[in-house]
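Paired with chain B in one complex and with chain C in the other, chain A is shared by the two complexes that follow.
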Partner chain A sequence: MRAGGFVFFKTNHMSGLLRWLIAAVVLSAAAFFMGEYHNDVYRKLLLWVTLALGYNFLFGICGQVAFSHFAFYGIGAYSIVIFLFQLHLPFPIAVLCGIALCILFALAVAIPSTRLEGFYLALATLALGQLFIVVLNEGGSVTGGTGGIANYRLPELFGMRVRGPWYTGVIVLLLVFTYSILKRLDDSWFGRACRAVRDNPEAAAAMGVDVARTKVIAFTLTSALAGVAGMVYAFVDNTVNPPIFGIENAFLLLFMVIVGGAGRHAGAVIGAVLLFLLPFWLSPLVGHHHALVFGVLVVAAILFQPGGLIGLWDRFSRSRS
Partner chain B sequence: MRFLALLIAALMACAAQAQDTIKIGVITDRVGVSKPYSEPATEGMVFGASEINKKGGVLGRKIELLVEDDQSKPDVSAALARKLIDQGAVFILSVSLSPATQQQQTVTMEAKTPQMTPMNSADYLTTQLNNPYFWQTGPLGSVQIATLLAHAKSKNLKRVALITDNSDLGQAIGKAFRGAIERAGIQIVDEEVVPLGTTSATAQMQKIRSANPDALFVAGVVTATNVLIFKSYRELGLKFPIHASYNLSVPIYMTAAKGLIDGITFVDAYDPEKAEVKAFEAAYRKETGKEPVNLHGYGYDGIMMVAEAIRKAGSTDKEKIRAAMQSMSYEGVMGAKGMKYSFPEGKRAGFDPNGMVVRVYEGDRQGRVVHVGQK
Partner chain C sequence: MGPILQVEKLTKRFGGLTAVAELDFEVREGEILGMIGPNGAGKTTTFNVIAGTYPATGGEVRFAGEPILGLPPHRIASRGVMRTFQHNRPFAGLPVIDNVLVGAHTRFAASLWSVVLGSARSDEGQRRKRAEELVQFVGLGELRDADVATLSFGQGRLLEIARALAGEPRLILFDEPAAGLTPAECARLAEIIRGIAARGIAVLLIEHDMHFLLPLAQRVVVLNFGAKIADGLPDEVRAHPAVMDAYLGSHATPQ
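So, the complex of A and B:
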């Protein structure tokens, strides 16, 4: 067990830092060996993995069934575009304002939501997700309505414009950054507090965990991370539009975490990779029946393998040892 | 040495095979929200391509359609556009959701690959991005409303009611209807919304009855709620005419609203009396054994125009195809009699603003044209 709470990257963690760095380099380097199409799928896959990791922390580790994750992804994406190209703020300020906006919205949802749990939190956040889409569609020239916003490009930073496989590198950094934060938190006192709140809030409170505060922090943090991911998404295709942030994607995210194995980082990664790539793999083989395979997979995971695919792996490695 | 010669021969054979066909990419939706529209349009394209190939193809080469399913997800759609370009598609036809078509444009614009949507109606597709490689021949949403309003004006309506559902698109079309009706100087005496998932629209229709309008405009796009509206209309024995959005041109109403739709007028881009339509329908029936609907026509016109552009360009060079497409004037299946798609003065939305028609349901069948254009 590692003591040390919130302290990141202590000197004795230098080898850990090196590990992160190597992972980032390998994941980014892969992009340079891919064609345009595979690179694009890879970029979008990495974003889904990032989102699934964040959502897994909220849902799997902290036990909050929330459907607002995609709305925050969207708030991040739309806010960076609006701040940069309609309000003409400088890039770093636009990024900070975008993050601040996500945190503000997250707090506005999380603080009243501490009175809600389970089913009611799910409903409240579902409503937020729906409301967000309505706002996007009705937002006139600010959000671009049903067509969203297009016709913009990533501004030049230090005289350079990051694009192609180099932009894949940016997404890899986002993923590694998100994962390192979540991993550190999970391994810390806070992660244990979250699990305690998930499993038995009364017992957690009796042990001195501030249940409401833990929930608010977990919700706000994961929502802000989703917002940052959204900012990165905004420049993948240089367009943002409402269907990307729709409620069905929030459900897909939930299924990814469940199929992979809720509460486990590796599970979130496996679930996201599998469910995102499934239609790409299956379409050429079985046509539109890939939707059926998806449904069967989700039902089978819930009925027969509540621990998800990572649970299967655990059983396999246990029986081998 | 012999091995090397064999290898070179094999490679050349492969190259010759690749040269054989002209690849046209199609991005459709087989599982998502636009499936009911995308599928018939795609079938129309497949039929069109087989007709072209039967007549010897284009420039002596057969057309090969590479069909991809984007599930109506715009981000997946953009990735698929890259895939099609990687696979050598010289043109991409988009019949999925409008935002999906828009997101594909960010790719085709960069890759300088010609792209067209023969069906999408969103006005922003050719205005938001300055993409010289993109065209739209689906009738614009604004044209649909203007055509319906022109028909209403010819009926000398003074007081009308408006009803829609609470879906995103239903609300958007309702708003557009309201604006257009008010601009036409017609008074809206009542406005009702039927929420999705409800089991009856009788309360809303009773309110409309008490407002006593000259006509009712239906802007809803969800089949289930529209059927409820028509059911209450019949049950209450209402007599004022119903003018409906483009949504009523979808063939599902002929079966889902059996016995309820006689006399309802709706805006469409399809005239069953047109010679081209009759020829198309006969050929489609003969080839597939199935009954074509208006949506098949969009896909058919799309592939025919692409083939025509390649023929005019005289090569599969994307820049030459672009120039040929921009100077195109083409009379197809869709649109009023004599309507031609064209892109004058650099415009890239090619459906003639006077090319839409208003039709009327006769019994349960989509019947004759009762009004043409915006005049």
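So, the complex of A and C:
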């Protein structure tokens, strides 16, 4: 639909499934050529890209300003750990319960706030994000308090325990799964309805779009996807603790999408990769002040390049052709 | 033919201001009903109440025999009432063809689940073809993939029409489609509106400009201060003393 959509390979004739498979294999295989440290960085990068893709659908495509994405990531992560190791639920049940929990919370936030102006969703999700951290810190033995929960392991599935670079493969699957769902939605009547709601809600309603319902579905779906990503994250370091799921990271996610180019999958990927890797290069130069550089980047993007880096790329490739 | 839209004693008040007062009229199937009136007469408000954007203060609106007052706008659209806006309201982030496809929103059969699972055959391709035909029909064929920001004002008017048609309406509400168009564009627009009526779609056409409206409409309703002051055939309305009065001093004068 849109030129420059994020495609792994230009293979129109190749069947969709095969294309996804190849992408997954290539991205996973890379993990086997890395040392432990780089593998760790690579995994976090893949998770950030996954989160940015989901958040881009909510913020960039549907136009909803929400700060709860990391709270849902955390709800997913904590719930899988608690359900598995404290309630001793079977693995598939624990996963389903975790997703159900995310959906429940998402509906509880979205249904009242999407009926109001967009500002209230921002407020409600900000509150949820803060509340979640408080609950984690005060959760006693259930959440492990400020120290979180550690010393658990991914249970054996079908007699195997996935670990090392193989677990990177699981994260790649998560990324491909997330992207394929978002891409299908975006290319359908639903994605168009989301963009219409973002651009002009009154006209969208006149065209037959149920504005409130569209917003609630987009919010719930992307929140549930964040929850699933959180479940995968829980077994990356085999530890979950509160700071990861705070508001700072929710803002970083917003920055990634804005700098990369809101509303475009490729933009979300570029923004996530850039802002995730930037601190690694910057910290030798500016120490912990890289947040300042991010701030400048975001302000520059908003003022001078609202299409983000992907928009810049479009202009560049158009002027060359 | 029978009425597709029946408006009875429709009233809309904004605080102390009565924008629409006990308005009665009906649109028959396949006809072009014109609605004229000076600035602030309540024409757009009438549309907004019929389309569900504003709640009515009183009265009744029936579409295809069923009451529709109180339904939300998207439900009214899905029943087959589509509209254009007096001021262009495109979806700025979507190319022309996708703007039109949003108009077809209520006509997609694939459920959200089948979209996510990629399972059921999608009607996306078929809808897209329909939308392309409509873009051609209003004369924007060349601009199918254009950014809406690059459209001229007149092209934006045509996009509004194509988008509304994509919803496969039985009744279409046009709010001053000719406003701001050049005489050549007006002539083309008149042809397009005749073409729409010829497809069996009932048209309710608000227009300021009597020169444009009178040759096009089969019947005309005249509003002033929210109330109907005259209705009838174009020639009758033109000669009506109350209409002459209402338009005296106003910029559009009957010929």
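Definition applied: the second predicted complex is superposed on the first by the 301 of 321 C-alpha atoms of A that agree within 3 Å, B and C clash if a C-alpha of one lies under 4 Å from a C-alpha of the other, contacts with A are read in each partner's own complex, and residues count from 1 in each chain.
FYI, contacts are C-beta pairs under 8 Å (C-beta built on N, C-alpha and C of every residue); 3 or more make two chains touch, one makes a residue touch a chain.
Source: prediction; values computed, not measured.
In the overlay built on the shared chain, the residue A:Pro242 is in contact with chain B alone; chain C does not reach it.
Judged by the touch definition given at the top, the superposed model places A:Arg192 against chain C, while chain B stays out of reach.
Contacts of A:Glu36 after superposition: chain B is touched, whereas chain C is not reached. By the touch criterion stated above, A:Lys44 is placed in contact with chain B alone, chain C being left untouched. Contact with chain B, but none with chain C, is seen for A:Gly287 once the two complexes are overlaid on the shared chain.
Touch criterion met: A:Glu202 reaches chain C, while chain B stays clear of it. Of the two partner chains, chain B is the only one that A:Val134 touches; chain C does not reach it. By the touch criterion defined above, A:Asn151 reaches chain B but does not reach chain C. The residues of chain C lying in touch with chain A in their complex are 51, 53, 72-74, 77-78, 82-83, 85, 89-94, 98, 101-106, 108, 110, 112, 115-116, 118, 122, 124, 127, 163-164, 167.
Residue ranges on chain B touching chain A, taken from their complex, read 30-31, 68-69, 71-76, 78-79, 82-83, 85-86, 97-100, 102-103, 105-107, 111, 122, 124-125, 128-130, 168-169, 171-172. Residues 1, 16, 180-181, 184-185, 187-190, 192-193, 195-196, 198-200, 202-211, 217, 263 of chain A are the ones that touch chain C when the two sit in their complex.
Interface of chain A with chain B (complex): residues 35-37, 40-41, 44, 133-134, 137-138, 144-148, 150-151, 236-239, 241-244, 279, 283, 287-288, 290-291.
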